[in-house]
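Accompanying notes for the structure given below.
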Amino acid sequence: MRLTAYGPSGLVEKEGATVDAFRASLADPTREVTWLDVDGVGDAALLEAIGQAAGLHRLTLADIANTNQRAKVEDYGSYLYVVLRSPGKTSGNGRIVDCEQISLCLGPRFVISFQEEHKPGDCYGEVRTRLRQERAPLRSAGPDALLHALMDASIDAFFPLLEEIGERLEALEDRSAVAMGPGTIRELHDLRRELITVRRAAWPLRDATGALIREQSPLIREGTRLYLRDAYDHLVQVMDLVETSRELATGLIEMHLSLASFKLNEVMKVLTIITTVFIPLSFIAGIYGMNFDTSHPANMPETRWDYGYPIVLGMMLAIATAMMWAFWRKGWLGSRDS
Amino acid sequence: MRLTAYGPSGLVEKEGATVDAFRASLADPTREVTWLDVDGVGDAALLEAIGQAAGLHRLTLADIANTNQRAKVEDYGSYLYVVLRSPGKTSGNGRIVDCEQISLCLGPRFVISFQEEHKPGDCYGEVRTRLRQERAPLRSAGPDALLHALMDASIDAFFPLLEEIGERLEALEDRSAVAMGPGTIRELHDLRRELITVRRAAWPLRDATGALIREQSPLIREGTRLYLRDAYDHLVQVMDLVETSRELATGLIEMHLSLASFKLNEVMKVLTIITTVFIPLSFIAGIYGMNFDTSHPANMPETRWDYGYPIVLGMMLAIATAMMWAFWRKGWLGSRDS
Amino acid sequence: MRLTAYGPSGLVEKEGATVDAFRASLADPTREVTWLDVDGVGDAALLEAIGQAAGLHRLTLADIANTNQRAKVEDYGSYLYVVLRSPGKTSGNGRIVDCEQISLCLGPRFVISFQEEHKPGDCYGEVRTRLRQERAPLRSAGPDALLHALMDASIDAFFPLLEEIGERLEALEDRSAVAMGPGTIRELHDLRRELITVRRAAWPLRDATGALIREQSPLIREGTRLYLRDAYDHLVQVMDLVETSRELATGLIEMHLSLASFKLNEVMKVLTIITTVFIPLSFIAGIYGMNFDTSHPANMPETRWDYGYPIVLGMMLAIATAMMWAFWRKGWLGSRDS
Amino acid sequence: MRLTAYGPSGLVEKEGATVDAFRASLADPTREVTWLDVDGVGDAALLEAIGQAAGLHRLTLADIANTNQRAKVEDYGSYLYVVLRSPGKTSGNGRIVDCEQISLCLGPRFVISFQEEHKPGDCYGEVRTRLRQERAPLRSAGPDALLHALMDASIDAFFPLLEEIGERLEALEDRSAVAMGPGTIRELHDLRRELITVRRAAWPLRDATGALIREQSPLIREGTRLYLRDAYDHLVQVMDLVETSRELATGLIEMHLSLASFKLNEVMKVLTIITTVFIPLSFIAGIYGMNFDTSHPANMPETRWDYGYPIVLGMMLAIATAMMWAFWRKGWLGSRDS
Amino acid sequence: MRLTAYGPSGLVEKEGATVDAFRASLADPTREVTWLDVDGVGDAALLEAIGQAAGLHRLTLADIANTNQRAKVEDYGSYLYVVLRSPGKTSGNGRIVDCEQISLCLGPRFVISFQEEHKPGDCYGEVRTRLRQERAPLRSAGPDALLHALMDASIDAFFPLLEEIGERLEALEDRSAVAMGPGTIRELHDLRRELITVRRAAWPLRDATGALIREQSPLIREGTRLYLRDAYDHLVQVMDLVETSRELATGLIEMHLSLASFKLNEVMKVLTIITTVFIPLSFIAGIYGMNFDTSHPANMPETRWDYGYPIVLGMMLAIATAMMWAFWRKGWLGSRDS
């Protein structure tokens, strides 16, 4: 737990704060905004204590603890409860490990943020840096501006991920022009799964942010509303990128299927032409390879002709030529575009 | 039929209750809430009797008896009628046997619940346990809180089922990376059928719950509305999980088709290369296996050459090399990604 | 034309009624409701006469005569005009012959129903039976209750059809687990066509019924509105069944395509393995079957070796083993799930 | 340009009218409605002159001249501007040559219609015939009734086209039951293109007509609104037919793909069975066709056995039987449904 | 930066203007409209200076600098901020290089336009030409008319691009009737990507323009609203063309897949017929090519018969005829439509 309290007179930061320190900070009139940042939501007793100190409803505490919530905004009268999902750290192989659930409670004088687990380098580092600056506009604004800053930091975490996905898509497109093997197919499949994950996180967040703008909660001041509209625009952009990436991925798969069916046809044509030309010729050679007793005049008289061999060879050539002509007529030998 | 009546003064439970006991309980002013739990809806006379005791409309009774209703909420003025479908027991092989229809009637002082059939261990066990606790908040709340508790128990029954489906999907994904046979395909098909069933049950229930929240029925108090919103959120989560699972299943099938077309191309290339290289060679061997009478000088003179045999072998090697070169040019021998 | 007039004092039924009888019945104050049931809409003069007697608009008469209308409800002030489509008789092979258009006009004291053609055993038999009962609630209710009864009878005619489609789908699913031939594919195609037909009939009817409930026409009394809501629920259920059946049919076709591509791969693997193993061996046998003159020492010296034959056989065995090993390495011989 | 002016006192028709004649007709109080029908929109000066005479806005004139508009209705206060697209003449091979743009301007005392080009036998012939009748209701109705008549004539031109498409679809379905070649595939593709064209024309027209009904323009009288609702219903029917045809065409293509994959499997099975049975047998025959020097005892001793030939033949029979048994076990020889 | 200031008294144009010149122009009451056209948005200090001079909000400046915005319209009270994306120059091979972001700020007396980069021949050339004409209506209209003129020029830039795409689609359709190779498939894929890009640019622009029409901003006068509605219609037309092109492209791909599966079946039939007929015959020839010692009476007695050879040849003919008959029965030799 990290406590950050600030007002016009100054800023106090405290790592490893207790609930009592939070209570004291709320009671201190010189500290206009108190931000309690909780890492980990597994300690039910701690949640209960924070809930009592800040006046949170039982249902809110249950939602904070259950980390499978969809993004939403709920107005409990005395405070606003915001749930959102932010892309966590991406693992070494580029997959999303998890979309972390972040719960934010905005009261008249406080903001409480709950992150799923403690991580070095979370997405709120930049907000803390801005708060520490003496004359930052954020410092003189109210808790609603802090709420916006935290939401905006979570939303901006989507963009590097989507850029990376976009780059992987382009690499796949380049590669698929040459050949598309099982590796490419599986990578495309993984990429679509990630897009589903991002969309699941961003879509309800967009609706929730839209509701936050429309709802006339007294906790959100008019000036902050303009900034929330900006956050909303960012989410619309995230969704736009996700949808475009999905369409590109689907297009790649369809192109692959079309190309595969084309290549199969090409392979089969080669096989069919070669087989169809040589099988009848081999059959004729087989005929004259039979060991019938040629002392009987009716048995294989051709083999005793003076020019039997050249005649048979000529016949074979004629058959092969006729076959090739038939294939040419069917257009199987025609030139194709590359 | 199980009768549970409670008020601030205490709780009375009675298995195998009669309609008269229900009437008496309604008339007793010390019992604030009377919950009649009916297992089985096949006895028309019993339904009629309950309907008269509680003042239910003829259409409500018809809907209770016909167990193919979609989830809905109907306001009959003096009472609210809620139909919902809850996943029944899953059979041994993991398939949903049936989605059971549950009808709930909420009057000013009673709740009547109709389950399709009597089962040991239904989803209301936990509600009964909570009611039996002396100081449970549910006990001092009105019948609308009981209605919410019953609906919530039915909705929560979806989650274990969806988790199981999610685990099966992951197992399928792992397996499909190795090979995808008819067993995997059929299991995916079964899984999609189950998802259709869950969606059919959950979708109208979500709309009905939403309507229950919006409609300003005097039977629902303001405090309960907050809890119903929570139940609504759970249903949105169910739908979200169903849609995600459906997309994953569709993605798996598409990946399978892409991989199958890739593998078919690979198999066909091997077949074509081998066949195309050896068939012309076999034909040449067949030529020189013919039994033409070599006493005629025009017949197979090559067989009488001193070095006929090495020359023919060399010619075969040249043809095979040329063929392989042609295939290499077409890129059929190129390295592929794995 | 069948005329049925009733009121508290009694019921009069008349087959083959004339327009004059209809006029007379309308004028008789003891007959509260007059129901004129017209079979066949081809007689323009008759339609005109009925239209004048009941005060129908020219556009209404045109819509009645043109039997390609979509379901709709139109309020002409003095009367309501309802068009709906009901599944006609299904022919011997289970196909829908036609969805019959039924037009209903509800006036303050009359209901006129137009069916496309005269059929023994139409879906209104049950309504007539109810009317003939002395103390039926329908008899003492107004013409709007009769309108609802006729609409409900038409809607209920969808359910046996959908049940039959559901049974056929299940039979197809069972069959497709064994094998899926052109017969199964064509039956699935027919089934989807029928579902399109049912949906085309039911969808606009649902919207029209919804409009009938919302519109505050004085011709529909408050009590009947509740029954119309019930009819609306039935139509929602019809649409729900249609959509589920469509999804199941689509799923079956996709499963079939996946299975077919899997089976093709299996067949091709067998062909490729057998061909690839034996073609090189046959080529070697062909080599030693050539008839080169072995008196020349360079020609086929192997055939004159003491152990040439066993050496060649051993070589063939070695090649076959190497080939099988290569296939095993590619995983083509691996076990698959069934 | 054709000028048709009428009122209670009579009707004046004039081919090749001028703008001055139009102005004069507008000024004549005995002519209640003046209809100016302009063929061809390429003459900018003429358009300008008409625009000044009728008080049309500059944007309206630009839209009339640019014949790529989507259907729309615009209320310019003093007049209504309606654009619609109507199927032009279908060419000899059944394709739509073009969907002609028709612009209609409805003023308080005039209707101006602009057709793209002059054609004998346009769809307004029937409207002219009705106007010429002495006691036609259209003659005594205002210009809004004429607008409806012209729109209705344009909309009704869709139906013969859709009927023809429906008949072609049925013919294709009959043919596809036998065989589906490239001709059938291409015809289906053409048919879907035509449906896209019709939908593009009808969809915005439906929305525009709906807007015309809702908007309370004083130029449309209450009685005409009822007729416009009828035209709207016709457009809904057109869209319904288009959607149904599209679904049928898609179903046909999917059926074709399923059947093709089934037939491919059948063909491949036959090929594989024949090849797999005979290739090993041919290999054995090849073995004993080798010319090893049988004076060496280790070389091909079987050929010198007394019963070597029958033994080898028996061995071949045994191998063939084992192969067929294996195929039978795999179900490849099983009966299939036809 | 280009400054264009005009009023009833005249027009002043200045290339390479400074922010001070802009300020001065705003202060000059004789210049009713000042248009500042900025090429390039990379100079943060310049943006800051312009923002201060025109009173732009910090968020507006951030959006101008970040060139990945979706099209939108934002009302900041004292000015309107419009973002739109316009197709940039198409490169030599017909691909869209980039959709350029254009930001427009409309104040009570100024319009500022920001283009991403400086290009000769941008789409505003025509607007400048119109402004230079002495008696152009645009010159006497306010800044909102100039905003419309700039938006309209950006929107009209979509049409040549879409026409080019349409022509390429038609060329592809013509080519695909002959043959469809990897080149055609890849071109279709590229074309669909371009359509996605255009749609991404046009869709939000349409919504933004619609919002601009609905919102009653005092900066937009009533007369200009009519022109904005015209721009909106153009965007609807763009979307319509995009959707139609997408459907045509999808239809082409589906036709290709159907044709490919048909051709594959044809190829496989030829292969199977030839192989199946000749393989058994070759086997028989192989049998009689074996070198069994015919001095043993049981070994190959047929070879010593007087008419062994003609009998075997006759047997082969019988087998071939039977095979062909079987294929004819299966319909593989039947005529097909072309």
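Points to keep in mind about this one:
Per-chain residue numbering starts at 1, and chain names A, B, C, D and E are given in the order in which the chains are listed.
Heads up, the rule we're going with is that a residue touches a chain if its C-beta (ideal position, glycine included) is under 8 Å from a C-beta of that chain, and two chains touch if they have at least 3 such contacts.
No experiment lies behind these values; they were computed from the predicted model shown.
Listed by label, the chains touching chain C and chain D alike form an empty list.
Although chain D and chain E share one sequence, what matters here is the overlap of their interface residues, and that overlap falls short of half of the numbers used. Chain A and chain E have CA centres that are 24 Å apart. One inter-chain figure worth recording: chain B and chain D are separated by 38 Å, centre to centre, where each centre is the mean of the chain's CA atoms.
Multi-chain contact residues, meaning those touching two or more other chains, occur in chain A at positions 257, 261, 264, 268, 271, 275, 279, 282, 286, 289-291, 300.
Chain contacts in this assembly form a single closed ring in which each chain touches exactly two others.
Per the touch definition, chain C reaches chain D in the complex via residues 57, 59, 63, 68-70, 72, 74, 175, 179-186, 189, 192-193, 196, 200, 204, 253, 256-257, 260-261, 263-264, 267-268, 270-271, 274-275, 278-279, 281-282, 285-286, 288-291, 294, 300, 303-310, 312-313. On the side of chain D, the complex with chain C involves touching residues 177, 226-227, 229-230, 233, 236-237, 240, 244, 247-248, 251-252, 254-255, 257-259, 261-265, 268-269, 271-272, 275-276, 279-280, 282-283, 286-287, 289-293, 296, 298-300, 331-332, 334, 336-338.
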